[in-house]
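Note sheet for the following structure.
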Amino acid sequence: MLEVTLRHRFDGFDLDLSFTTEGGITALFGRSGAGKTTVINALAGLLRPDVGRVVLDGEVLLDTQRGIWVPPHRRRLGYVFQDARLFPHLDVRRNLTFGARYAPRGSQGAGFEDTVALLGLEPLLDRAPATLSGGEKQRVALGRALLCHPRLLLMDEPLASLDGPRKQEILPYLERLRDGGLGLPILYVSHAVDEIARLADRLVLLQNGRLKAQGALFDVMADPAAVPLLGVREAGAVLEADVIAHAEDGLSTLAVRAGQLELPGVQAPVGTRVRLRVLAQDVILSRQRPEGLSSVNILPVRVDAVHPGDGPGAAIALDAGGDRLLARVTARAVRDLDLREGMGCYAIIKATTVAPGSIGR
Amino acid sequence: AEAPLTVFAAASLRGALEEIAAAFPAPLILAYGGSGTMARQVAAGAPADVVLLANSDWMDWLADQGITAAEEAQIIARNHLVLIAPAGTAPLSQSADLPARLGPTGRLTMGQRDAVPAGSYARDWLTHDGMWEGLQSQLAETDNVRAALALVARGDTPFGVVYASDAHAEDDVQIVYEVPADTHAPITYPAAALTPEGIALVDFLITQKAQTILEDHGFLRADHGS
Amino acid sequence: MVSFGPIMDLDAAAWAALVLSLRVASVAMLCSLPLALWVAWILARKEFRGKGLLSALVHLPLVLPPVVTGYLLLLSFGRNAPLGRLLESLGIGLAFHWTGAVLAALIMGFPLMVRAMRLAIEAVDPRIEDAAATLGAPRLSVFRRVTLPLIFPGILAGAVMGFAKAMGEFGATITFVANIPGQTQTLPSAIWTALQVPGGENRALVMAALAGLVALAAVLLSEALARRVAKRISGAR
Amino acid sequence: MLEVTLRHRFDGFDLDLSFTTEGGITALFGRSGAGKTTVINALAGLLRPDVGRVVLDGEVLLDTQRGIWVPPHRRRLGYVFQDARLFPHLDVRRNLTFGARYAPRGSQGAGFEDTVALLGLEPLLDRAPATLSGGEKQRVALGRALLCHPRLLLMDEPLASLDGPRKQEILPYLERLRDGGLGLPILYVSHAVDEIARLADRLVLLQNGRLKAQGALFDVMADPAAVPLLGVREAGAVLEADVIAHAEDGLSTLAVRAGQLELPGVQAPVGTRVRLRVLAQDVILSRQRPEGLSSVNILPVRVDAVHPGDGPGAAIALDAGGDRLLARVTARAVRDLDLREGMGCYAIIKATTVAPGSIGR
Amino acid sequence: MVSFGPIMDLDAAAWAALVLSLRVASVAMLCSLPLALWVAWILARKEFRGKGLLSALVHLPLVLPPVVTGYLLLLSFGRNAPLGRLLESLGIGLAFHWTGAVLAALIMGFPLMVRAMRLAIEAVDPRIEDAAATLGAPRLSVFRRVTLPLIFPGILAGAVMGFAKAMGEFGATITFVANIPGQTQTLPSAIWTALQVPGGENRALVMAALAGLVALAAVLLSEALARRVAKRISGAR
C-alpha cells in the first residue's frame, strides 16, 4: 500500500499530484514528458521534491513537512531505470548479484538461476555491459533489480526495447512475482497499453504533471475520459473466467457467466480462475446466432447502452450474463442492426483474438 | 650613468656585497647562487662581468675549462669556521668537549660535506681533531650554510659549524668555539673578472674601503694570515 | 606569525620578480597548452609501440631533481652548446634570459598538464564523438566542437596546475637562467635569495604569501569557471 | 539503392549476411541481439567489419577486399541512435543545428522550423539534454539526424520510448520524407510490427546474425517462415486499396480486388491508393455469407493453402480476387469447417480492425 | 652523453640513496592516497563555502618554492615547534628522520594526486551511483564498489604522479630533514651533492638515469594496469 503526494517545480514543468496504490501492479501511464520518471525518481529517493509525502506500507519514506527523508539505499525499492545504468566495470554476473548482499537476511525473492534462465542471460554472464545490445542491457537491468529482493519494484519502461517473444516470456514472470507468496507490488511505467491491460491491477493516468485518473484497471479502462489517453484501439473489457478443460488440440475451455469459450494457449491448470481481456474492436455483434463460422466463441448478450463516439465508431456496452463486455462498431452498423438498449443479440469473439498475453492471474 | 655590471656571487657574500655595491661608482646587478651552479653557468656563457665564488675548487675548475686564467683569480676575502649554539649556551673550552655536549641525541649541523664548502672544512676540522668517525651518526648536513644557521637558531640542533661571517649576522645564535685555522684548508673567496669591464670591480673589492665592509660583515681580510 | 602588512613595503626587486613570474607562468602555461593537449590526446586515444616510453618521458621532469633538469637545459641550450648557439643566432636566446625561465617552467609543468588533460580525454565517451562524425563533422571539427568543450574542466585543471607549478618553479630555473634581478629573477628565486640572509625569513615569507595570493586568485577563477560549465551541462541555471 | 554484405565476429556472436534495399523504407527486424545495431553501425562506418562491402547509390562506402573505407563523416548517413547520444554540453537548439554546416551547399531536406514544430521541441530549445525526459531525448536525436540532410537515414528504434499519439504524428512525417521530392531512403530498426507494416516497403529479417528473409513487405509478411519471427499476433496481409468515397458518418469506402470495404478514419482523398494491413487474427471465415452482423466487410475468398502451425492455430492463405489475405484460425475450426485448398468461403473483416496507423501511402 | 656502464660502479652511498628514495616515495604515495582521495572527493562532489580556499590550499605546495615549504615544515614540525615536540613525544620523530622526508614528499605530491583523482571523480556519472544506492548499497559501499573501481585510472594516475614527484623532491626535503647520508639523503639529494663537486657531473647523471629508470618502470607498470582495466570495461579480451 503506497500513498504518494508530490509537488515539484522544474523550470517549465510543474508536477503536482497525489495517488495511492494497493499492492499488485499499478501502471503509470502518460505521454512523453508527463512526469512519470520524475514521480518514480521521487519514490526511489533520487529526487527530493519541493513538497511531498510518500508512505509505503505504513512506513514514511518522505515527508517534507516533518523533515523525514529515508535515503535511497534504505528504501529497498528495486528500480529498473529507463536507461539501463549498468555498472560498466562489472560483468553481467556481478551486475546481477550486486544488490544481493544488501537484501535483509532471509528475505525471499527471485533466485539467481531462475532469473538468469528467464531473462536468457546465461550466455552473457561473463560479458562487459559495453558489449551488450540494447535489449540485452535492459534484461540485465531488470534482473539486477529483481535480485535485490525489493519490497516494491519500480519499472520505467522496462520492456521498451525488447522484442515481442521476449516480452511474452517476461510478462508471466512479473505476474508470478505479483501473485506468488511474496506478492511483490510493482509500479510500472509503460506506453504499451496491452502490457498494462494484461499486467496492471490499478492504473494511474498522468497528463502534464497532473493526475488525470486513477483507480482499478477495469474502471479506468472503461472510463470514457481515459480513452483519448489510452488510445481508441486499446479500449476493452476484462472478464474473469474459470478453466474447465484442456483439449488435446491445444484449445482450452473456459467458463464465463454467459457461456463457454474455446481459447488456445491457456497455461493455467484446470480449476483456476484467469483474466481475459477482450478488446472492444474484437467483438462482432450479430442479431441471429451465426452458423458455419471459423469462430466458435459466440455468447448471447444484451445491449446495456449505446455510446456514440466522436468519430464514426460507437461503443456498445453489453451484459453477458452479468459480465460486462464492450464492443466497438461503426455508427452505420448501429443503424443497420438497429442496436438499442435492452436488445438481445450475439457477440462473436474470435477464438484467437484473445491474446495469450491477456490471459493472466 | 655607466652601464651596470652583472656580478654572479656566492649567496653567503650577500650582506657585504650590498654595501659594497652602494660604494662602487658603477651600478651593480647582483645575482646570487651556489658556487657550483654559477661556475657552470659562467662556463655556459652567463652574461656576468665578475664571478665571485665561495670555493676555490670551482674557480680552479673554471680555469681548467679555459674560462678564466688561473692567475686572474683574486682572493677578495677569507673566513673562518666557528661552532655556534643557540644564544645563551655556555662556550666550549676545547673541541673535544663537543661529543659530550651533544649528548646521545643532539645533532651537529654543518654544510653537506662534499657539496657545501663550509661542510668540507668542518669535516677537515673534525677529522683533524679525531671526532669525525664518532660523530657520523649525529650530523645534520644541509645544502647551504644559511640553512644550518637557521636550524641552530631555532634550536632544532644544539650545535652547528658555520662561517664566522654567518654567525655574525644572526642574533639568535652565539659562537661557542672558534675553530683554529690550521685544522682545515684555508677558506677563501676568489673573484675573477670575465669581461674587461669587470676588472675594475675586482680591483675595487680589494681596496681598503671594500675590505673594511667585508670585515664589518664578519669576513677576514683578503690578506689575513699571509 | 607572518604579518601581511609588509607586503606594501616590498622593494622594487620583489615587485619585479612578481611581475616576471607572472609573465613567465602565463607564457609557459599558454605555450604548453596546445602541445600538452596533443600529447595527452595521443596518450589517451592511441595505441602504439613505445606509448609507455612516451608516457615515461613526459613524467621525467617530475622524477628528476629540478637541478638536474636545469643542468640538462644548460647543457643543451647554453650559449656554448650547439643547439643554444643555433637558437641564439635565430634571435631566440634562452639561457640567462626570461624565455629560458619560460622553457624551464614549461617543462616542469608539462607532466601535470598532460595528465590532467589525458584523464579528461579518457573520460569522454567516444560514442558521443561518433555521433558527431555521423552528422558530417570531420575529425578536427569533432575535436573542436565536441571533445574540446567536454574536456574543458581537464584543460582548466591542467592550466591551473601548469600555471601554479610555473609560479613555484625554482631549481630548474635558477640553474638554467640564473638569478639576475630584473632579468631572470623570478619570485621563487627572490624568495630563495631573501632566505640567504639571516633575518631575511620575513621578507621571504611575505613574498611567499604574495605567491600564495596569486595562486589563490588563479584557483578561485578556475573553480568559478569550472562550476559554470558544470552547471550548463547539468542544466541548472 | 543500398547493397550490403557483412561478415563480422564478436566473441560469441557471428554476423554474416548480405541484403539489398531499393529506396523507400527498409525495415530491419529481428529479436534482441540479432545484430541490427551491429549492421547499422557498420553502414555508418562506426564499426569496421572483418569482411564487407557496402555500396550506396553506386558509391562504394566500404570494401574490405579493395581496402576502401569512407570515414563516417563523409558518408552523409543520418543516424538516430538507439541511445540518444545527444551532445551534453550543447542545448537542444545547438544539438539540432550541429550538423547543418556540414550539409553540402544547396542540399535540400528537413527545415529547422518544420522539424521543431513536428517533434514538439519548441519549449525545449534552450534546455540542456540532461534535463530531458526519455522520449524528449529521442525526439531531439531524431531531429538532429534529419537536420543534417542525409542521403540515407539510419534509425535504430527511434520511436521506442514515444507514446502512441506522438508516434502517430511522427510516422506520417517519415512517410512524407520518403515520398517527398527528396525520396529520402530510410533503414528502420523496430520491434513494433505495426510501425513496420505501416511504413516499410521492404523488410529484412535477421536472426542470430543471419539473414532470415528479405524482400518486399507484402511478400515477407505473408511468408509463413516469417511468422514466428514477427510474432503470431502480428502476422497478416497488406492490401492496396483505392479510396472511392467518404460518407458523412465518417466511414470511407475503399475498393480492393475482391470487393469493397467500409473503413473509418481514412484521411486520404478520394482517388488515392492506400495500404491496408489486415491481421490474420482479425479475419473470420464463414462458409455461408453471414447476415445481420455488425461487421459489413465481407469478401468472397478462396482458400489457397492451409498451414498447420506448431500450436493450436493454423494459418490459412486466402486469395481474394487476386489479393492475398491471411487468416489465423484454430485447428478445430479447420476441422469443423473442413477448410481445404481451393474451397470458396467468406472472410469477415471487422470494420474497425484496420488501425488508422495501418493505412498508409 | 651519459654512459650507463657506470651504474654498476655506483658507491654504496648512491645505492643507499636510491633505496631510501624508493622507500620514501612508496610510503609517501601510499600514505597520501586515502587523504588525497578524500579531499578529491570533497572537491569534486560537495558544494560549500570555502571550497575555493580549500582547493587553493591544496595547490599551495605547487606554487611555493620548495624551500619555503621545507622551511614552513621546519617551523611547524621542528624539534622545538609545539607540533614537532608533540609528535616526537609520541615517538614520531620527523626532523632529520626519513619519515620527515616522507612528509615533505607527501606534501609536495599532494596537489598532483588530488587533481588526478578529482578529475576522475568528476567524470563518474552520479546516476550510476544512484543505481547502486537503489540496490541497497549504503554510501560507503557505493563508493567502494562503484566509485572506486570507476576512478581507478585516476587513482593510478595520481599514484604515479605522487610517486614520481616523491622520487624527485629535493628542495623541501633537504630543507626539512637535511642531507644525512644513509638516513635522509634521498636520490635527489645525492644527485645535488654530486653536482656541487667539480667533475661530479657524470656521477650525478648516472644517478639521474637511475631515477629515470625507476620512473620508467613505475610508469610502464601503471600504463599496463590502466590498459587492463580499460580493456575489461570495454569488453575486449
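Read from first to last, the chains carry the letters A, B, C, D and E; within each, the first residue is number 1.
One rule holds in what follows: contacts are C-beta pairs under 8 Å (C-beta built on N, C-alpha and C of every residue); 3 or more make two chains touch, one makes a residue touch a chain.
The shown structure was predicted, so the numbers you read here are calculated from the model rather than taken from an experiment.
Touch-path distance (fewest steps) from subunit A to subunit B is 2.
Counted as hops between touching chains, the shortest connection from subunit B to subunit D is 2.
Farthest chain from subunit C, judged by C-alpha centroids: A.
Distance from the subunit D centre to the subunit E centre is 60 Å, each centre being the mean of its Cα atoms. Chain centres here are Cα averages; for subunit B and subunit E they lie 35 Å apart. Per-chain CA centroids place subunit A at a distance of 26 Å from subunit D.
Shared interface positions of subunit D, i.e. residues touching 2 or more other chains, are given as 11, 83, 127, 131.
Shown for subunit E are the residues that touch two or more other chains, namely 71, 192, 195. Contacts with at least two other chains are made by residues 150 of subunit B. Those chain pairs judged to touch are A-D, A-E, B-C, B-E, C-D, C-E.
Taken in their complex, subunit D has these residues touching subunit C: 44-46, 71-79, 81, 83, 85-90, 98-99, 102-103, 127-131, 144-145, 148.
Residue ranges on subunit D touching subunit A, taken from their complex, read 10-12, 30-33, 36-37, 82-83, 123, 127, 131, 133-136, 139, 156-157, 160-166, 191, 193, 230-231, 233-234, 247, 249-251, 262, 264-265, 281-282, 284-288, 290-296, 311-313, 327-333, 336-337, 339, 348, 350-353, 355.
Subunit C meets subunit D in the complex at residues 127-128, 130-139, 141-142, 145-146, 149-150, 229, 232-235. Interface of subunit C with subunit B (complex): residues 67, 71, 74-75, 78-81, 84, 95-96, 174-175, 178-185, 193, 195-199, 201. Partner subunit E is touched in their complex by these residues of subunit C: 51-53, 55-56, 59-60, 62-68, 71, 111-112, 115-116, 118-120, 122-123, 153-154, 157, 160-161, 164-165, 167-168, 170-171, 187-188, 191-192, 195, 201, 204-205, 208, 211-212, 214-216, 219-220, 223-224, 230.
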